[in-house]
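Heads up, there are several structures right after this.
What follows is chain A paired twice: with chain B in the first complex and chain C in the second.
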Partner chain A sequence: MTIDPITAPRRWSLPKFDLTTLRQHGGLAALVILLVFNLLVTPNFFELQTLFVNISQVATIAIVAIGMTLVIATGGIDLSVGAVMALSGALAPLIFLSPFGVANPELGLVAAFTLPILAAAAAGLFNGVMVTFLGVQPIVATLILFISGRGIALVLTNGNLQTFTNPAFSFLGTGRILGMPFQGWVALALAILVSWMVRRTVYGRHLLAVGGNEKAARLAGAPVHLVKIATYVMCSAMAGLAGMIVTAINSASDAARNGLLMELDAIAAAVVGGALLMGGRAPIVGAVLGAIVIQLVKFTLLANGVEDEVALIAKAAIIIGAVYLQQTRSE
Partner chain B sequence: MNAPLLQMSGIDKSFGGTAALRSAELTIGRGEVHAVIGQNGAGKSTLIKILTGVYTRDGGTITFDGKPVHFHYPREAQAAGISTIYQELNLIPLRTVTENICLGYEPRKWGMIDWRLANKHARELLARFDIDIDVTRPLGEYNTAIQQLVAIARAVSLDAKLVIMDEPTSSLDDREIAILFGVIRELNKSGVSVLYVSHFLDELFQICDQVTVMRDGQTVAQREISDTNKLNLIADMLGRDPEEIRAAGMTDFSAAQAKTGDVLLEAKNVATGTRLRDFTMRVHSGEIVGLGGLLGSGRTEAARALFGVDDVTAGAVKIDGKQGAPANPRAAIGQGLSYLSEDRKAEGIIPHMSVRENVTLALLPRITKHGQVETKKERELVERFVKSLGIKASSIDQPIRELSGGNQQKVLLARWLATEPRILILDEPTRGVDVGAKLEIQQIIRGYVEQGIGVVLISSEFEELVEGADRIVVLQDGHSVSELRNPGVTENALVKAIAHHYADRDAA
Partner chain C sequence: MLADSKTFDLRELLRSGGGTAQTRGVWIALILLIAFGLFRYDNFGSQYNVLSFLNFNSMFVLISIGMCFVIMTGGIDLSVGSVAAFTSVVAALLSSHGLIVAVPGGVLAGMAIGALNAFVILRMRVPPFITTLATMLAAKGGSLVLSGAETIGVDWTTNFTRLGMGSAFGTIPWTILIALAVVIVAWIILERTSLGRIVLAIGGGDEASKLMGLRTERAIVFVYVFSGLCAGLAGVILASAFGAGQPLEGVGWELTAIASVVVGGTLLTGGVGSIPATVAGALLLGLIFNILNFENGRGTISLSAYWQSVIRGNFLLIVIVLQAGLLTQRKARSQDG
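Moving on to the complex of A and B:
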C-alpha cells in the first residue's frame, strides 16, 4: 500500500482503527470475524477435515473470481462465467464417454481436458469481440452467453444428468497432493501466476492502463482491443476450468446446476477483494481472499443449520458492505 | 466605504503535519471582481475549499456578509450565498436548460411543476446576460460556454452574493470569453462579487478589480489591478525581483537559434472529417513549428491525424521519408512520433498508477524482456527523468493523481521524451501549469530541439507561439491558410494573419 504523503502522520503512532483502515483491509477484517465466530460457535471447525472441505469448495469460486477481477480491471464485467462453467463441465464427459474416447482412453482424456477449455476460450473470444469491435456494453455482451451458454450445455446433454466413472478425470476434483485437494493447488498456482502477470508483465501494465484511462492508454500505444479480448478469453478459460472441476467433484455433469449463480459469487469476491468496478485495479490476492470470505459465509450458515435462502441474504449483505466501503474509498 | 462582503483572516490549515495555509488572508469587497493567483500548491484551492465548506479550518476567522461564519458542508456555504462554478461543470447535460437552472427550486402549481413559469424564469434570467437560447432543449446540445453561463445563471437565481469561478475560461474561445466577461460585469452591477481564479494573467487585467497573490500557503500581496502590471504579479507569485525576471524573459522557447535540418514530417492537403479539411505543413529536424488559430480551427485535429488517432480521409502524410499516416498511435510511436495531448486528465494520466508506471507507459515494449518488464532498468530510467525534469514527488511510486498539475504535466512530458521521439507534437503543453513550471517545460523542450528533434507546438497563447515557434502555420476552419516565419513575427502579425483570412472569407 502506498502512503499518502500529505495525510501520513509524521511521528510514530499506533495504527488507528478507522474507516480508512477498514477500507483497505475490509476483506481481511471480514475473514477474521468469520474465523473467530466459527471457532467459538461451529462444532469441529478447527479440524483439518473442515479446512480441506472448504478448500475444495473455495477453489472454483477463487479461480472464477481471479478471471473476473481481470475483466473488472478493464472496467468491464462478465456475466457469462456460470454458463461457461456449465458448457465446459458438460463437454468433458461427452468427450471421454464418446466412442472415440472409449476407444482411445489416453487421447480421449487429453481431449477431455483441453477441448472444453478451448470451447470456453472461444466463448471469451466472442465476449471480447462484442465488447471491443462491436462496442457492446460488457453487461449486455456477456448476457448473451449468460442466457445461451447454459442452453447449449443443456442441449448437448439432452437436459440429463450425466454420471460417469473415470478416476483419471475425477482427480481434478477429488485428488489430493500432500493432503490438500488438487483444485486447491490449481487455484493457488493460478493466483500466483496471475498476480505475477498483473504486476510484472507488459500485459498487466496495459490492463491497468486500459482500465484506468482508456483514451490515455490508447494514445500511449497500448493495444486496447487486444488487451480486452485477451482478458475476456482468460476469464472464460478459467471459468471453463472451474466448470470441469465441479463436474469432476460430482463425477457427474449437471448442465442445469453447474456454475449456477457463480457470476454473482465471483463479482462479489472480486469487489470484497478491492476491485474497482470502474476499472484500473486488479487485486488478485484480494479476489482469493474475497472468495474465501464468500465460501466461509456459506459454510458458517450451512454448518449452523441456517436455510440456503437466508444464506443468500447474508451474501447480499456482504456485497452491500463491500460496495459501501468502495464508494467511500473513491474520495 | 461599506464593510467588505468577505473577510478571511489568519486562516491556518494543515494536512497531517504539513502546513497548507499559514494565516492566509482574503478580503473581498461588495460588487468587485477579485482574482486569487499563485503557483500550483500555493494554497489557492485550499483557501477556497475552506471558504466553501469542503475543508474545515484549523484556525482563523471568516466573516461573510457581516456575520462570522463556519461552514461545515458545501450546502451551508451555498445557502449563505456562496456559489461555486467548477471547472468540471456539475450540470446534467441530458436535461433541459430550464431544468438545470431550476433544479431543486422548481416553481409549483397544484403540486406539479409549473413548466411554463419555469421556462419563463429561465429565459428572463439568461436574457439579463444577453443570451437568447431555446431553454427547453437539453443543455448538452449547447457548447461549453453556454453551459458555463447556465451554471452562473443558476447561481444567480439562488441569490448568490459571491460567485467563485475556477479557471472559467480554460475551455472557451475569445468570443465566448467576451460573453463571459459581459456576464461578470452584469453581476457586478447587481452587487454580486466574483472570486476569480485563473492562470491567464492577461485576463485579470481585463476583468478584475483586485488581486490577492498567494505563495507557500501565505497571502503575500493584495493589489489594485490598475496599480500593478503582469511582471509585478509574477514576481509576487515567484517571490523574486521583477527586474531579474525581465532579464530572464517571459517565454523561454527563444526561437530561431537552432539550425534546421532534414524534413522529418510532411503533410499535404490532409483531411480527416469536418473539423480538418485541408491541412499542409512541413517539419524539419531542429525546429519548432507552431499551429496557430482560434479554438476549433482544427489544430488538435491536425495533431490527431499525424499521430494516427483519426483516420486520414484525404491527402498525404510522409514521415521520415515514409509515405502514409500511422494506422494508430502504437504505429506512430514506432515511427518516432510522440503526442502530448491537450487534455491532461481525460487523455493523459492514468490516475491510479504511479509516477513510474505513467512515465514508462509508452515505452514498455522497449524495457521488456520475454514479456516481463525489466524493473531495474525502469526505475533507473524514471529516476533519471524525475531528476532532469525536476518532477516533485515523494517517490517515483507515488500515485500520479496526488501530484500538482504542473508536475503531472512534467510526468507526461517525461513519458514522451523517454520514447526518444524524432517528432514531438505538443498540444497546449503549458496550459493550467504555473509560471515556474511553464518556464521549465519550455526550456526542456528547447533543449531537445537543439539536439535535432522536430516539434509541432499547439498553443492558445499567442505569446508562446510567437516567441517559441520558428514558423507558425495558421489554421482556420480546418484549412491551413498561411505561414509566418520567425524572426520578425509579432503577436499583432499573428492576430492579423488569423483575422485577415476571416475577412477574406467573408468577402468570398
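Moving on to the complex of A and C:
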C-alpha cells in the first residue's frame, strides 16, 4: 500500500473544507447532516448549554479515539482501552484517599495525577512488547488486558464504588475554563499536539511508513518495534487520562462501569473519521470528528425521545456505512 | 510478521488434523488442572459437580465452536454474545408455543444475523471485525427494543424449560447432549468434508484458494451462518435454563469464545484449527472459575469473583507466549530449510 498523499507528512496547514475533504471524510458529511437536523428539529439545540453538555461527554471518547487512531495507523487495534480506563480511574482515588494521600494532600494529588497515567502507560508497554517482540496479533495481545485489566481494577477496589470529595481532582471532569469544560480543552490540546506529531515529527513519518508497509519501513531503516511500542504506550496513556476524567466527572470511581464498551466507541470514531484498519493513515482531526458524530447520534436520538436501544442500531448503521464508503473510495 | 506465514501449506494442513504442538498444550493444561482439582477437593469429581459444570459451560462450548470456524477462515465474529442475548429474548417470546416453535425461532434468528454478517462482509466488502462489531451493537439494540429493556419471563406451562432444565434418562442434562452433538457435527464437517478443507484453505490464503477454483464465498457464508446458529442455540439454552430471555446477558461472551479458540491453539490468522482443542479451551477457561469456587469453599483463602478475570487473562497470556515461541521456532526452521 502506498502512503496516502492526503495524510502524508506535509507542511502544517489548516484542513481545507472543500468538496474533496467532504468525500475524504464521510464523517464530516454525517456531522453536517446531524447538525442541520438538530438545528431544525431538536428544541434548545442552538444553545451554549447544549454545546457544553455535549463537549463534556465527547471529550473522553475523543481522547481515547485519538490514541486508537494512532494504533490503527500501525495496522493494529487496542481492545484494552476500556479496561485501562477502569484501572487508572480506580487508582487515582485509591492514591489520594490512602493514608499517605490524606497526610500529604499536595503530594498525594500529584501522585494521583501521575501514577495512574504511568500505570496505564505500563499497560501500553505490555501491549506493545507483545505485539512487537512476541509477534502476537494486536487483537489477541490486547485481549489479555481487556480481560484482566478490569479484573485488576475490581480487585483493587474490591468491586466497591469509591466516592470522594476532592475539588482539585474533580476539576479534571467538572472544571471550566472560559465556560468550556476542562476536559474539552484537554481533548483539544491533545488533538492539536498529536496532529502536529503525525504531520511534522520523525515519529509521525515512521508511524505512517510502518502502517503503510511494515517490511519496506524496516528496510528503509525505520525503528519499527520502537514506533509500535511508543504508539501503544501513548494510546494507553490517553485511555488512562480518559479514565481519570470519568472518575472526576462522577466524583466516584466505578471499576465495573468506567470505560465499558469504550473500545467500540473509540474504534467506531476512528473508522468514521477515516482511519483505515490496514494502517497507514492517521487522521487525528477525523477521529475527533468521528467522536463528535458518535456523541451527536446519541444526543440527537436521546433529545428527541428515541430510546437508547435504537441508538445502538443507528450507531451500527453508521459504522458499516462509513467503512463501506471507504471501501468504494479505495477501489 | 504473522502475515509472512500466511502461505498455503498442504503438509501443515494435513498434519493439523491429528493434533499439533499448539493443540497439545491445551490438553496438557486441562488434564493437569483436572488432576489438581481431583487431588485437592473431595467433591470435585462428583456427578453433581461434573454435570453442573458441563451444563453451565455448554453455552460457551457452542459459541466457541462457531467462533472457531470463523477464525479458521481468518475472520472474527464479535456479534456472538449479543446474538445469544437476542435469541434468548426471541425464544422467550415464543416460549408459549412450546419447544417446537421457540427453538427453531431462536436458532433461525441467530442464523439470520449470521447471514447478514456474511452479506456485509462479502458483498459490501467491509472487514469482518467491523461488520460483526456493528451487528453486535445492532443485535444488542434489537434485543433491548424487542424486550423493552427488561428480562422476559418464559412460559412455564409449556415444555420450553425442559430443554435447559431437564435431563435425558434422568441423568445427563439435554444441554450437554446438544453441545456434544454440535461438537461432533462440527468436527466431521471440518475433518471429513470438502467444506472443512475449504474453510482451512481460505485461512491459509484467500487469494490462492480462489485461484485454485475453490468456492470460497460459499464457505464464508457457511462459517458466519454456523456461528450465528451456535450463538442462537446458546441463547435458546440461556432462556430455557434460566427461565428468562435476557437482553443484557452475553456481554464479553465473544471474548471468552475468542480466548477459548486461541487457548485451543487455533491461530487468529486462520488456516489452522482444531474442534476438540477448542472445546478443551472453553472447558479450561470454565474450569478456572470452578476451581476458584472450590478453593474459596475450603476457606483457606478467599478470592473474590473479580480474580476470575485476572486469572483468565494470565492463562491466556501464558498460552499466547508459548504459541509465539512455537511460531518463531517454526519460522526459523522453515527459513533454514
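Structural remarks
As a convention for this text, the second predicted complex is superposed on the first by the 308 of 331 C-alpha atoms of A that agree within 3 Å, B and C clash if a C-alpha of one lies under 4 Å from a C-alpha of the other, contacts with A are read in each partner's own complex, and residues count from 1 in each chain.
What we mean here is this: contacts are C-beta pairs under 8 Å (C-beta built on N, C-alpha and C of every residue); 3 or more make two chains touch, one makes a residue touch a chain.
Since this is a predicted model, take the numbers as computed values, not measurements.
When the shared chain is aligned, no partner comes close enough to touch A:269: not chain B, not chain C.
After overlaying the two complexes on the shared chain, residue contacts for A:137 are found with chain C alone; chain B is out of touch.
With both structures placed on the common chain, the touch criterion links A:248 to neither chain B nor chain C. The larger set of touched chain A residues comes from C, when the choice is between chain B and chain C.
Judged by the touch definition given at the top, the superposed model places A:198 against neither chain B nor chain C.
Contacts of A:220 after superposition: chain B is touched, whereas chain C is not reached. On chain A, the surface touched by chain B in one complex and the surface touched by chain C in the other have no residue in common. Interface residues of chain C facing chain A in the complex, by the touch rule stated above, are 1-2, 76, 120, 124-127, 129-131, 133-138, 140-142, 144-145, 149, 255, 258-259, 262, 268-269, 304, 306-310, 312-314, 316-317, 320-321, 324, 327-328. Taken together, the chain B residues at the contact with chain A in this complex read 15-18, 307, 309, 328-330, 332-334, 339, 341, 346-354, 357, 360-362, 364-365, 368, 371-373, 375, 394, 397-399, 402, 415.
Looking at the complex, you find that chain A touches chain B at residues 2, 4-11, 200-203, 205-206, 208-209, 212-213, 215-223, 276, 280-281. The part of chain A that touches chain C in the complex is made up of residues 77, 79, 130, 134-137, 139-141, 143-152, 154-155, 158-159, 214, 264, 267-268, 271, 277, 307-313, 315-317, 319-320, 323-324, 327.
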